[in-house]
Amino acid sequence: MRGELQVAVIMGSESDRETMEACIGQLEKLGIRSELTVSSAHRMPEATKAYIEEAQERGARVFIAGAGMSAALPGFVASVTAYPVIGVPLTSGMPSGVDALLSMVQMPPGIPVATVAIGRAGAKNAAVLAAEILAINDETIKKELKRLRDSWKNR
Amino acid sequence: MRGELQVAVIMGSESDRETMEACIGQLEKLGIRSELTVSSAHRMPEATKAYIEEAQERGARVFIAGAGMSAALPGFVASVTAYPVIGVPLTSGMPSGVDALLSMVQMPPGIPVATVAIGRAGAKNAAVLAAEILAINDETIKKELKRLRDSWKNR
Amino acid sequence: MRGELQVAVIMGSESDRETMEACIGQLEKLGIRSELTVSSAHRMPEATKAYIEEAQERGARVFIAGAGMSAALPGFVASVTAYPVIGVPLTSGMPSGVDALLSMVQMPPGIPVATVAIGRAGAKNAAVLAAEILAINDETIKKELKRLRDSWKNR
Amino acid sequence: MRGELQVAVIMGSESDRETMEACIGQLEKLGIRSELTVSSAHRMPEATKAYIEEAQERGARVFIAGAGMSAALPGFVASVTAYPVIGVPLTSGMPSGVDALLSMVQMPPGIPVATVAIGRAGAKNAAVLAAEILAINDETIKKELKRLRDSWKNR
Amino acid sequence: MRGELQVAVIMGSESDRETMEACIGQLEKLGIRSELTVSSAHRMPEATKAYIEEAQERGARVFIAGAGMSAALPGFVASVTAYPVIGVPLTSGMPSGVDALLSMVQMPPGIPVATVAIGRAGAKNAAVLAAEILAINDETIKKELKRLRDSWKNR
Amino acid sequence: MRGELQVAVIMGSESDRETMEACIGQLEKLGIRSELTVSSAHRMPEATKAYIEEAQERGARVFIAGAGMSAALPGFVASVTAYPVIGVPLTSGMPSGVDALLSMVQMPPGIPVATVAIGRAGAKNAAVLAAEILAINDETIKKELKRLRDSWKNR
Amino acid sequence: MRGELQVAVIMGSESDRETMEACIGQLEKLGIRSELTVSSAHRMPEATKAYIEEAQERGARVFIAGAGMSAALPGFVASVTAYPVIGVPLTSGMPSGVDALLSMVQMPPGIPVATVAIGRAGAKNAAVLAAEILAINDETIKKELKRLRDSWKNR
Amino acid sequence: MRGELQVAVIMGSESDRETMEACIGQLEKLGIRSELTVSSAHRMPEATKAYIEEAQERGARVFIAGAGMSAALPGFVASVTAYPVIGVPLTSGMPSGVDALLSMVQMPPGIPVATVAIGRAGAKNAAVLAAEILAINDETIKKELKRLRDSWKNR
């Protein structure tokens, strides 16, 4: 897809790739231009910050960050950009992933993270949420979302 | 504030009013036109649906729903509208509110709820998240958010 | 089995079929006429509502709804019908299913969901609970329940 | 109210009285004849069993049992009678009451307990659930439930 | 081993046999006369009560009861006998078994259950605890326990 | 009460005194000679060990240890003596006390701790459990326990 | 106390001051030079980073960071400095503070946070842990720790 | 590696060896002299105490203790030595290991345990934390840590 970047998807570790690719796949189905990057907030804070700022300049208007365990990445992204940040809690820590969920959702005043479900289900729904946000001012994406919702009726 | 409605805030019960008014207060500080409505998804599904559709027509582009216990309201709103829905888990059920958080965040494919922190802190950050979403295409709100972030630096 | 429908069993997703068929199987053993339907409260609220109303007209006096994750389906059914609704929490969300259990059991005033155990064990006991409810005014089912209880004594 | 007993409400300890009286109050509002008894399954198993059998003979068709901590009472009642048993988990053990909820809901095959929400909210909804069960064959209670549901529309 | 029964081990379901046989095995290693019985407190309360009373008469001075889910069996045994009752929480309900642990340990005043660890580890330690109790007045068992403790020193 | 010590009650901290005195009170009611000592397994391991050995020599046949947070005291006592050790989890750590309960109950092979309920309720039942253990060979205590159980019937 | 800084104590919010002052108080008792600073990793990442680097230059060899909710501060500190970082989980989020504990302790490879107990107890023990770390090469602090441990023996 | 021992790694059970060897491996990579010992605080308190004191004399300045279930070992080590003790919670008890984590982290005043993540990830990071502690006064280890951190930048 040509054109500016619309959604930047970041994950903290290579091991999260399979789950977060479900997010990219869903974004593509909705006709949204995205890219997937590995960048650790703890190991490479400077590089991660630089990437966020550069993605913003290339057009990113929504960020999606997947992380497990201490799950600091989405909050880190939200501290750098004022564009909406969607957090996907992953189960790399506790089996239930509730640890990552609680870490992600409990942000300080003024720096929210829009948290979705744990794991693959959340990764896919993060894409739909990004689409809903962009659709407010994008008729093409709005039509894609309508098509998605209409498809349920024929089941 | 004159002009069309921008954010519709809904809560399931009168007893949630104090918490959700913190959300309205924060929206006002950011110069966003909003309104607060009580409507139960379980007791008045038809009336709630009608309100969501009418709020949409009056300009609402982001919905914020606060709910505790089974916390079905945000998911109900998301099943009616394709605009972004932000969920605020409340502690009317278990003392920790984790029950409402888990109910709210775990939505089926295609119907995400952007979940924020539990209780008053979440109610206020839901307003900031709504502002971030609207700011993508609204320079006035963008400036308000910048002012908020700049205020932290002077501390 | 001929005659009117007695118990309508609904599940939110195709993936819940295997578990909920254990419910249907137990209902059949107890001589109760039932049917199993997939219908999502979030994706197809209108169709789900229509099904509930039509099942009621066809004779359903007890509803059983199985759901995982946000587990809104039993509450949705209970908001449509005043006949007893039995909820079966499923483990499609957290491994323990406690998330679905808490979502299902914590209903607003006036709209209870009779919640049973998580997963397959709950699905089967939901059938027995439905039988106990119908047996209050049905001697045939009462005899079946007595036969079940008597079978334990011979072990 | 004259006539046979319809619903027998049992609690394990005097300290549960205030919560369970909310159940009796709701039953009365719905025009259902009920009575509240203290009887411990652990301390007085024989007397508890005798009471259940006698209540059955006096007309009880639904049993409601409230209990906290190990919360064995509803299961005990369900082992004695084949009429529907509704369990109300109380918070006399852990602050959240999830311990009582899990104990109550996880019954062995063939002996379900219809579990409702924790504490006072559950106690009141247990009454509504009992009404829904009896209303299947009782037009007077059916009308009371309809009146309750209609009252929500005028809010 | 000849002589009177010393420890009666009861479990609620056939499916608990493998775990509880580890208890019997440990009792045998410590030279204690025991037997393993399946008896459900919910399905066969009368038969279970009769067994407990008869085991007492045959010499049982400590009871060990293993149970999962609502885990009512140890409490049931403790309501029948005033001899010490050891409870072994099993994982037939939630994966962690904490549900059974909490149900078992939270007994009403005057009817304690001596609860040990969840699953196989608990089943074996229940045997050691029974041995410690009997050893207070039994020099042979006291020597066996000393032998067990001495064996650790040579590692 | 004259005669040898029968039950030694130990607690890890002065702040646990009020709860553990309920244990001493219950022991006295049952006619059992006991004493309450503060001794930290972490701060004074040598002194705690010496106390346990000396209490044993003075007649103690059952030990009761109350502890919160990491709750190592009961396990420490059980590593020193082969007489039965009853653990009372206290809520000095997490509000629910489940942390202390899990720490106490999960002992290594051969060193069980007979765990009872959390807090004051557990402290009192620990006394009853100690009485049940001693009653196996003590007719006076046996009679006291019978009197306790008989008192329930007259309620 | 004159001389270089030894331990830098940071907290994410003014509301954490009372708890973290217990840490400073304990450090002073052990004769360690410390200072307490408020700095939010999310709101002022650059200023927080600058403070950590400057504190390092002024002599800080151990960092203590207290934080609640998403509790990102200790991990942020650990990503900036390779000196030991001690994390104190606070209860500003969930009542139990387990959310902050899990967030703090689950760090990515190579960036550990030495986590202590939740709240005030942890804040004080963080000071003792810092003392233990510095005492490896500081005879004065070593003597203070010995004095502390000796004081327990006289109790 | 020649020279004095620097870090003593202890585990409570042979079954923890595989996890704790990851700790030894990481210590070796950082050029630190360490050894791995099995010693149970409950089964062999005297021998464990003797080992800690002897390891101290052979040069150990940091102790790492891995334990699951009641997880008393790190606290036991900390009660014997005033050198820093790092605790690694293992999952031999509950599947999540939160039980061991809570037991380990909640130490009494004056006896902290520096707790890291659960399982293998924690075992490796315990080694890095030990390195950070020793590096305060050891230029060689400081260089190794710098090399580790620099390696992240080239990714």
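Lettered A, B, C, D, E, F, G and H in written order, each chain numbered from 1.
Note that a contact is a pair of C-beta atoms (placed from the backbone, for glycine too) under 8 Å apart; a residue touches a chain by one contact, two chains touch by 3 or more.
Since we're looking at a predicted model, the values are computed, not measured.
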So which chains are sitting against chain C and chain E at once? D
Sort out for me whether A-G or D-F is joined by the greater number of C-beta contact pairs. A-G
Cα centre of chain A to Cα centre of chain H, whole Å, reads 37
Chain centre separation (chain C, chain G; CA means) in Å: 53
Distance from chain D to chain C - Cα centre to Cα centre, in angstrom: 19
Residues of chain D that touch two or more other chains sit at 40, 43, 69, 93-96, 98, 102, 105-107, 110-111, 117-118, 121, 152
Every chain pair in contact, whichever chains are involved: A-B, A-C, A-G, A-H, B-C, B-D, B-G, C-D, C-E, D-E, D-F, E-F, E-H, F-G, F-H, G-H
Using the touch definition from the top, list the residues of chain G that touch chain F in their complex. 95-96, 98, 117-118, 121, 152-153, 155
Where on chain G does chain B make contact in their complex? 40, 43-44, 47, 69, 93-96
Quick one: in the complex, what on chain C touches chain D? 61-62, 82-84, 86, 98, 101-102, 105-107, 109-118, 121-122, 124-126, 128-129, 132-137, 142, 145-146, 148-149, 152
Contact set on chain E toward chain D in their complex: 12-13, 40-43, 45, 69-72, 75-76, 78-80, 93-94, 99, 102-108, 110-111
